[in-house]
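Both of the next two complexes hold subunit A, though its partner changes from subunit B to subunit C.
Right, the complex of A and B next:
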């Protein structure tokens, strides 16, 4: 009887139903987050945990390898956003128009890479970007009469390889986001624009882009964090966490190196929190600039 | 309303992604860890294998080299035969190199999930001696064999007077010469005593072969060459005379400057994939692109296992030196097997592993099965072993490995391994060596940067 009363009680039941989520959220998310903050002020060794104040953060400021990692992650984030918003948007508009035949096939083909494992695709890309003349990319270059490039040994080429992998994998996903955004745009707007004699470009410029804005902001927000937290792609491309002159080292790669490989959990926590701070700051600025926090206009 | 939803969604997704953090899938990373010589080309697969009777005490053991586990399994069976009252049953698991070390670090840090016994590569060892050491001291177990063992090989695995690792081999480094190539171009390797002689031979080879054959390949992914140089000058970057870290040593400068000149003059090439001990390196040797390289004696097993075509073509010789009278060898690489405090019966595990690796019986089996220059020096002069022409290693090479070993016996240095060793190796292999040998950066400048970085690390 009592149990039944709880289930039927309008006050208690909702809490009961969200309890499993709250519990797992607390145990797996809230606790680790606070624990990380605590650990970032400690030096942690087996059986020897010491409070060391801001030492970890002071070291981060001077740590040139960490600075390289930040530079790499920021560059990667910037270019991945520059590539992964315009192109998927363009593809989505194409898919939504009558210009393309066999749309399902195209959509499937573009989305398929997202279903593959990065471990496998990364390994394949590593072989394709091999410095040997027989590597796939160098074979293409030789068709163009160019000399082979040591792709994974030079900074610019390495970033190129990372971005190729990134675009190959995520174009389809972003395209789907934009497609769903396009579906929610009222077709009568386009009709009335046509009646007023608007060109295709003007319709895209003045109807599609503004009305796609919520989707664009969403994609931008997740891309900022996805770009900053990239790790596995680089880990697979160099078959491990070390690349020549750290050209493939990312912030999370550095966190892994410190925390897992060198057992410096405290220092790694500081790295992780710096990443969290950077992602939050960039996203908050971006959202403010986009006017997302402004009150809805009537 | 829609906009609020967007804000909420965006915020929630960011939070979710940040909080869930980064899942990591570790793979192998042979190039990164410089002293991986033992592991580099062993397979990356995970293999589980159990030996011994069910009634025996059950032990778990991890290694990063399947060959090692095969050897330990054989020794476990011998142990059971000799110790009917202390039977053991051991489950062996082979993991990829960095996976295994990372797993062990985590298991010891958290106090859960560690095996009873585990192989730890020498370059990684300092990571396991931090804080309150979570390993069981092997002092008592090693005592019966201690007098026969090379002391420096025990010391590298010790902290505060406790020995934590059972050593496998000395890793005496020698020069491997491809006599087929050298004979073809009229070069006599036995005349090479100093690096000047060596450079001269390289010049001659380069001219005679029209630039096709290089005398050697220099490493961007390993510090063997620098270790050789430091040993010759009696210097030590991790802990010099005053115990401080110093990488701006004359030995290191001389070696790197010499190597830059070699690359410029076509005497040497950069090792494909950065080190010799990887598939690409084996191919380079097989293709006859290089005529010599310095490596520890355990590299013999690479010839037997991966380059059988080279049988009868390779000779071993002491290393060239900068100035006559310097040490002509150095111990490189190694594996210390540890017993963890989490073991159900650490004493038994320690007795077994020291028996398997340090006893005369164990040492003989290490030589026969793995081809390593064991730490038990009794074996080096045992004619039944050194003259056994049916042995696969003795019959493979043009020179008898033990002749070379005994010739340089008193000159085999071991550099100290400190908690800075992993960081030094890591920085040189990702940055300094690439800058100096690939990009031709000024040696002094590159070493200065390395020193600055590493001082910060301390």
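Right, the complex of A and C next:
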């Protein structure tokens, strides 16, 4: 009888439904998060765990390879945001106007890269950015009368390759985000602005940009995370986790190198938590500057 | 605006997208053309659009389907990817649906706290948790098992979020109607509300399937024995510096895109709907 009552109880039901989440949250989120915090204060060797306080973090401060990784990840994040917000926004506005023909076709084509696995796209890009004069990018350069470039061997060029891959994969996706944001803007606003004689630029500046802000903030937030935690793209471009002079090393790449390849879980945990700290700080600052929290208080 | 000027603008805008689409399709097209050439050419020349049809043949594809040792290996990865994708999609959808249902359809004090926890899990990138999770999987003896690959991702916050967004707008009166008819809470959830949520299932199912099909990092850490490998891991093992397997690699890569491409062409709108759900209100 008692068991039967549970099935009809409106008090117990929500908790039964949410139970899988609570389990997964405890086992696969809280627990690993705490254990990585714990491990970051430890030196972990097989069968020999030692508390060493802040030593891992102190070592990180002096670790020049880690600094290279941070610099690479921050540069990548910065440029990926600089490229993947304005351009997709512009394309979305253009796509939303009734000027463009055959919209479905272009949307499908631009979304295509998001369908491919990083293994495949990374391999294709690695071969296109080949240092050989017959690789696609060097073929382009020779059209322009320039000498071939060892793309994946020099710092600035390597970042270009990473960013090209990034833009290739995400321009279409971000455009679709902005398109769905544009769909939620009331069209009568544009009509009344037109009656008042507003120019296309002013409509964009004073209606589209402010009303697209929730979408922009969303894209910005996920781009900060995605940019800082980029790993597989660099893993695939250099066919493994090692690039010459660490030009393609990212923070997560370094975490992987220390944690998985060298089995230094404690040190790698400190790397991971530094990354988490950076991502949270950047996003909180970004959200404060964008006034997101203020709005919620009102 | 006069008509001629508008026509010109329209042509220019369409041309912008045509050029952009060409640029985007370019690498895939180059890969597709290269898949009809001997793999060693990729090592010798890199990848570029090469329209010399005289050197092209179907030999990579006949090799891929020849059912020799390499071909069998490839289709084992293919099968593993299929099984993994199917399992994780079905389980993720069911579990996330229930969780979202519990977070939407009832009023109770902890509801907002629970929802906040769901959102909180999105604030930590997976890459940070992968190391302790890997350790945990070793401790739980789940390393090298499919359960180890699937379990941590089952309660996907974004999927729960999407289901919730969808369910908020469903009429709650239906729940009371069900209760009057004597249905259990679980019965109402499955028999009455689930059919109404079908579009959300479709959108999320497609998105989860694509994610799972292409997922590489976590499966690569969990799976150790080669008979468990999925397509992305398997293709990655072909990337040896000697390039002796590039025939299989290039043809296999192109063939691996095919299932996703077919699903995408059939259900394009679901893709877009599922993906952009978080962006407007989120």
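One rule holds in what follows: the second predicted complex is superposed on the first by the 292 of 298 C-alpha atoms of A that agree within 3 Å, B and C clash if a C-alpha of one lies under 4 Å from a C-alpha of the other, contacts with A are read in each partner's own complex, and residues count from 1 in each chain.
Here is the rule we go by: a contact is a pair of C-beta atoms (placed from the backbone, for glycine too) under 8 Å apart; a residue touches a chain by one contact, two chains touch by 3 or more.
Remember, predicted model here, so these are calculated numbers, not experimental data.
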Go through the superposed model and pick first if A:110 touches only subunit B, second if only subunit C, both, or neither. second
Contact-wise, after the overlay, does A:265 reach subunit B, subunit C, both or neither (first, second, both, neither)? both
As a test of reading the superposition: which chain, subunit B or subunit C, is in touch with more residues of subunit A? C
One more residue to check, A:218. First (subunit B), second (subunit C), both or neither? both
Between subunit B (first) and subunit C (second), which, if any, makes contact with A:229: first, second, both or neither? both
Go through the superposed model and pick first if A:289 touches only subunit B, second if only subunit C, both, or neither. neither
Classify the contacts of A:61 with the two partner chains as first (subunit B alone), second (subunit C alone), both, or neither. neither
In the superposed arrangement, does A:33 touch subunit B (first), subunit C (second), both or neither? both
Check the residue A:177 against both partner chains and state whether it touches subunit B (first), subunit C (second), both, or neither. second
Could you look at A:48 and tell me whether it touches subunit B, subunit C, both or neither (first, second, both, neither)? first
Which parts of subunit A are touched by subunit B and by subunit C alike? 29, 32-33, 119, 214, 218, 225, 229, 231-232, 236, 239-240, 252, 255, 260, 265, 272, 275-276, 279-280
Residues of subunit C touching subunit A in the complex: 6, 9-10, 13-14, 16-18, 20-21, 24-28, 30-31, 34, 42, 44-49, 95, 98-99, 101-103, 105-106, 108, 111, 114, 117-118, 121, 123-129, 131-136, 151-152, 154-155, 160, 184-186, 189, 210, 213-214, 216-217, 221, 231-232, 235-236, 239, 241, 249, 253, 256-257, 260-261, 264-265, 268, 271-272, 275-276, 278-282
Subunit B touches which residues of subunit A in the complex? 29, 32-33, 44-48, 59, 62-65, 119, 153, 214, 217-218, 221-222, 224-226, 229, 231-232, 235-236, 239-246, 252, 255-256, 260-263, 265, 272, 275-276, 279-280, 283, 287, 292-293, 296
Interface residues, subunit B side, partner subunit A - complex: 1-4, 6-7, 9-10, 13-14, 17-22, 24-32, 98, 101-102, 105-106, 108-109, 111, 127, 130-134, 220, 422-423, 426, 429-431, 434-435, 438, 453, 456
Of subunit A, residues touching subunit C in the complex: 7-11, 13-18, 20-22, 24-25, 27-29, 31-33, 35-36, 39, 91, 94-95, 97, 99-102, 104-113, 115-121, 123-125, 127-128, 130-132, 134-136, 138-139, 168, 171-173, 176-177, 179-181, 184, 214-215, 218-219, 225, 228-229, 231-232, 236, 239-240, 252, 255, 259-260, 265, 268-269, 272-273, 275-276, 279-280
